[in-house]
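Common to both upcoming complexes is chain A, partnered first by chain B, then by chain C.
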Partner chain A sequence: MTLGLSISNVSKTFSPAGREPVHALRDVSIEVALGEFVVLLGPSGCGKSTLLFMVAGLESTTGGAIAFDGLEVRAPGPERSLIFQEASLFPWLTVRENVGFGLSIRRVPPGERARRVDELLRRVGLAGAGDRHPSELSGGMRQRAALARALAMDPEVLLMDEPFAALDIQTRARMQDHLLEMWSSTRASVLLVTHSVEEALALADRIVVFTARPGRIKAEIPITAPRPRDPYAPEMVELAKHCSMLLREEVEKSFKEQELL
Partner chain B sequence: MAISDTGSRRMRRAAPRIPFGGWPEAGRATGRAAISAGWWCASLGLLVGFWELAWAVGWANPILLPPPHIFLADLTDQFRYFDPTGGRAGAMGEGGSVWSVLGVVGWTTMRVTVGLVLGFVLSLFVGVAIRYFDVVGKLTLPLVTILAPISPVAWIPVAVFLFGIGNAPAIFLVFVAIFFVMTLSTLTQIDQVPKEYIQLARTVGASKRQIYRHVILPAILPGLFVTLRMNLFAAWMVVLIAEAVGVGSGLGQVTMMARNTFNASLVFFTMTLIGLTGFLFDKAFGLIQRKVLWWVGPSNVGGL
Partner chain C sequence: MSARAAAAAFRPAPNGLAGAALLVLGWEAAARAFAGTYLIAGPVDVLAYLSGNGALMARALSETLGNAALGFVAGNCAAILLAAAAQLWPRGRAAIAGLALLVFCLPLVATGPILRVLLGPGPGPQIVLAALAVYYTTFVPLLVGLRAAPASWFDLVRSYGRGPVTELRRVRARAALPYLFAGLQIAAPAAFLGAMVGEFTGAERGMGVLTVRAMRALDVEATWALASVAALVSILAYAGIGALAEMVLRERPPVILSPPGAAGRGAGPARGALVLALAVAAWWIVLEAAGLPTFFAKRPDDFWAAFVTAPDAAAARATLLGALAETAIYVLPGYLAGLLLGAGLAIAILLVPAAAAVALPLAVALRSVPIVTSAPLLVLALGRGAVGTVTLVAIMVFFPSFVACLHGLRQAPGQVLDVFDSYAAGRVARLVHVQVPAMWPAFFAAARMAVPASVLAVTVVEWLATGQGVGSLMALSASLSDYDMLWGSVVAVALLSGAGYVAVGAVERRVLAVYAAEQVAG
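And then the complex of A and B:
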């Protein structure tokens, strides 16, 4: 039995009725150790979101197995929290109610719920915004509320699907720092999808580069430099060049494939 | 009706463009309201002006098309046609005061309101049941789809067979006028709930019941209210028809009686009442919508 998240030989083929089956992923194996920060990098359409949804238990695999702490993943569970690209907070709930949503579904008593939600809001820097509605928040604040909601479940692995893609560059950098802070204080594992090489380099313990569809693992790049990292340090620049090259090859491949279609 | 509403929205938006310079912050809202009211008066004044002009030059026969200053002149005389007891056919006796007029308006409004509330609640219930229970869906959906296009007018005989005369058939007709449309709208709304909302609820372990209760219901309510509001005027038309043919009281009955007795003044007075009541009804509805179901955002609320 291995602790942490173990994705072994996972494949996924979508078979939409009346259309060609889509091979989204083929034979993907990734081990995420406890407390490890893994970033998935790959061209559009290579199955990164699909993989994250399968780990979350929202999609089934068509081959291979996903296990968490040795138990096979079949359904969503509180130890795996998913954060979407656009923070899909419920617009009819206040920030506080959104953050406490999972707790109230799990019937945590109101007193304890309020205490935990307040604590989380403070940690993500939204202490003053608890009674506002999502439409009154900036994009960055919304994403922090989503993070707080995910943390409310005390997850052991955070699954994040391009969480900062919709934010402007400055907010994005702040949110990355913020995420690292949260991560180091919880020591949960993180599996994060991004398109951005800079983001991957700023965050990851290990970058997993995917090929064009059907997605396979093209390369795994461990990064040992301590955080916060200077993106202009010579070894980081080297890594950035290397990642960009790997990614560009695959992006070109996927474009060629689309042209052939 | 949709057109007139768009018109009033445009007017409201146009208001700040009027070259008045800037109001002080506090007075701005009042100023805007005043300008909006001004446009309302201008719009109504246009109709009244043409009508009075037509009368003055002799185009409009004052017996058949009495202009406002005539049909509003003998108001108190008209009041006696309004029987506020609400239950009797062909009545013309108890009335005679402003209160009796308000009584009649009240009865009609009550019938619309009860019909709307029943229709809304039951269609929500049925719509959710169709999606929630597979068997209910398979059994009910074809029926709903077949019954939906039948005009409420065609239901009048059924209403009378089922309920005789009185309040019940009128309420039933209002109910029928919105029930099927609202049921289908409930289904559409459920199908359009963003799938992220549902996935999100599933990731925290929500059951199907919890997803319907905590996610789907709040997500569809604002859209349903918009549909309901679009069907308000249809409900008003139906209640008037029902009152005219089968109930024997209310604004519809007064209109019908006025027609039968060639009392043109009464016809136009009643039409004015109907217009005003419908307008106020819609405004009240919009207010509730904004207070209770604000989360669709102002661009969708009331955007008929």
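And then the complex of A and C:
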């Protein structure tokens, strides 16, 4: 039995009624060790978000298997927490209620819930914002609240679907630092989807580069440099060039395919 | 935008007060100008009448309000249950929505006397009619509201291992609240109207009874006083629910309450046939289960016999179709005139923004006036001929069309408007190329919902006053106990207004496919 997340030979084909089936993913295998930070990098439409949703148990596989700590994933579970591209907070709930939403659905008693939520708000730096509503927060604060909501389930894997794509560049960099802080204090594994090379390089222990559709693994790039990383250090610049080249080949391929359609 | 500003959109702005003051002044002026013609009683006369007959009016009002309130609660509960069922059972959605539409198209004036025989004297029919008048305008926005949420909210609930029921309870129900409130706001005056129509058809007490009496006696002061009280009560109910929404909600109220996809995809012939079959089955089952005698509770086969197989079926058919044709001649011009006037005035007013600031809150409030209660006034003023009927239908359609179009025009995307400004394009160019196209979804949503409303208006005025068309045929059949003809007219009118609704929906889909593809994709 392997500990952590194991994705073996997973494929996904969408078969919409009356149309050509779409092969989204083909034969993808990834092992994510406990506490490891893995970034899935690929052009849009390569199926990386689909893979994330399959790991979350929200989407079924059409081939292969996904297992966590040796048990096959068939449904959502508290050990895997999902964070969306938009923060997806409920506008009618306060930040505190949003962060505690999953706990309340899981019938954690109010006292215990309040204690955990306060602790989480403090950790993500929102201690003073608990009684505000999402519309009164900045984009970065909203995404912190979403992070707190995901951490509330005490996950062993955080599944993040382009979590910072909607933020401006400065906020994005701060949120990446913040995420690394949170990650190092929980030691949960992270599986994060992005199409930004800079983001991948700043965060990952290992970058998995996807091909254009159908998504397959094109390359795996381990990064050993200690964090925080200097993006202008010579070895990081080399890595960035390499990743960009790999990504550009695939982006061009998917553009060509679109123009043929 | 702050939550406060968002919620404020539920209530008419203070500008509305200026508009209302103008309206009252104009009313008094008109009354003075036409003094001696026995047409208009001005605000002063109305107040004088009310101070003299306060006790009578208060008794009638409390009776009608009580029935309207019960109907309001029952109808809206039914709407909530139906919408929840349609949400949890997606395959049944089209059938539920189709049946709900057909029942909404039942002509209240004819359903009234039938309910009267079925339920006996007392408030039963008024309450049922009030419920029938409100449930659809709550049901349709709820169907939309229950789905008006980003997919990730539902993914989140599923990621906690919960299914559709938790999703409905914790997310959809709350996301639909602004839609529910918008529906309730329209429902409050409609319930009052339903209760009054119920009283027109043979109750002992209530505002409707007084209205019929005042009209028969050509009592101008009483007629105007009754219509004024009904209008005031409706505006207060509308404003009250708006205030409640403002306290509860943080969101902006939705603009389009019934987008074309709301009731399920397209209206294919197969779906139509299914809905009709279900309706016939339900009709038969309900009457059989209640064990009602066939003398007055006609079954589908009685209907078939009376209009197809009986020896005098041809004559019955001719009578019914003749009456329907007469009614259609009044409905169509009134309906079209009301729609076009509404859209036209909305567009005109947009060119003079200061006018819009006064007119919109006023129109929103006036939309809540149960127009049918003013039917006797129009008959007094315009006579029992075609002009009065067509005008009433036009007014009934005008207000929702005007309000929807103004809202729609303001939905024009700011960035596109900025592009036009950067080319120094004039107001007219902005209007033609940006704002009018942005108006179409709201315009058609109003046009669709106005079909049953205009049929209601025309049948009420025919019933009460003109002695023509299917409304009068229903009144006649009810008083002669000709239940075959009464049920027959109910079926015919329901089918006709259902067909009109579907036809407008078909035009709407064609237009929106060009101008607002996202509305049709639902």
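Assume the second predicted complex is superposed on the first by the 261 of 261 C-alpha atoms of A that agree within 3 Å, B and C clash if a C-alpha of one lies under 4 Å from a C-alpha of the other, contacts with A are read in each partner's own complex, and residues count from 1 in each chain.
Following the convention adopted for this analysis, a contact is a pair of C-beta atoms (placed from the backbone, for glycine too) under 8 Å apart; a residue touches a chain by one contact, two chains touch by 3 or more.
Owing to the predicted nature of the structure, the values given are computational and were not obtained by experimental measurement.
In the three-chain model built by superposing on chain A, chain B clashes with chain C. In the superposition on chain A, A:Ala240 contacts neither chain B nor chain C. Shared-chain residue A:Ala33: touches no atom of chain B or chain C.
When both complexes are overlaid on chain A, the residue A:Phe84 reaches chain B and chain C alike. In the superposed model, A:Trp92 makes contact with both chain B and chain C.
In the superposition on chain A, A:Leu58 makes contact with both chain B and chain C.
In the superposition on chain A, A:Val108 makes contact with neither chain B nor chain C.
None of the stretches 130-138, 418-426, 436-444 or 508-516 of chain C clash with chain B in the superposition except 130-138. Residues 53, 56-58, 76-78, 80-82, 84, 86, 88, 90-92, 101-102, 105-106, 133, 135, 153 of chain A lie in contact with chain B in one complex and with chain C in the other. Residue ranges on chain B touching chain A, taken from their complex, read 194, 196-197, 199-206, 210, 214-215, 218-219, 295-297.
Within the complex, the chain C residues that touch chain A are 3, 150, 152-153, 155-162, 166, 170-171, 174, 177, 249-251. Considering their complex, residues 53, 56-58, 75-78, 80-82, 84-86, 88, 90-92, 101-102, 105-106, 133, 135, 153 of chain A touch chain C. Note for the complex: chain A touches chain B at residues 53, 56-58, 76-78, 80-82, 84, 86, 88, 90-92, 101-102, 105-106, 133, 135, 153.
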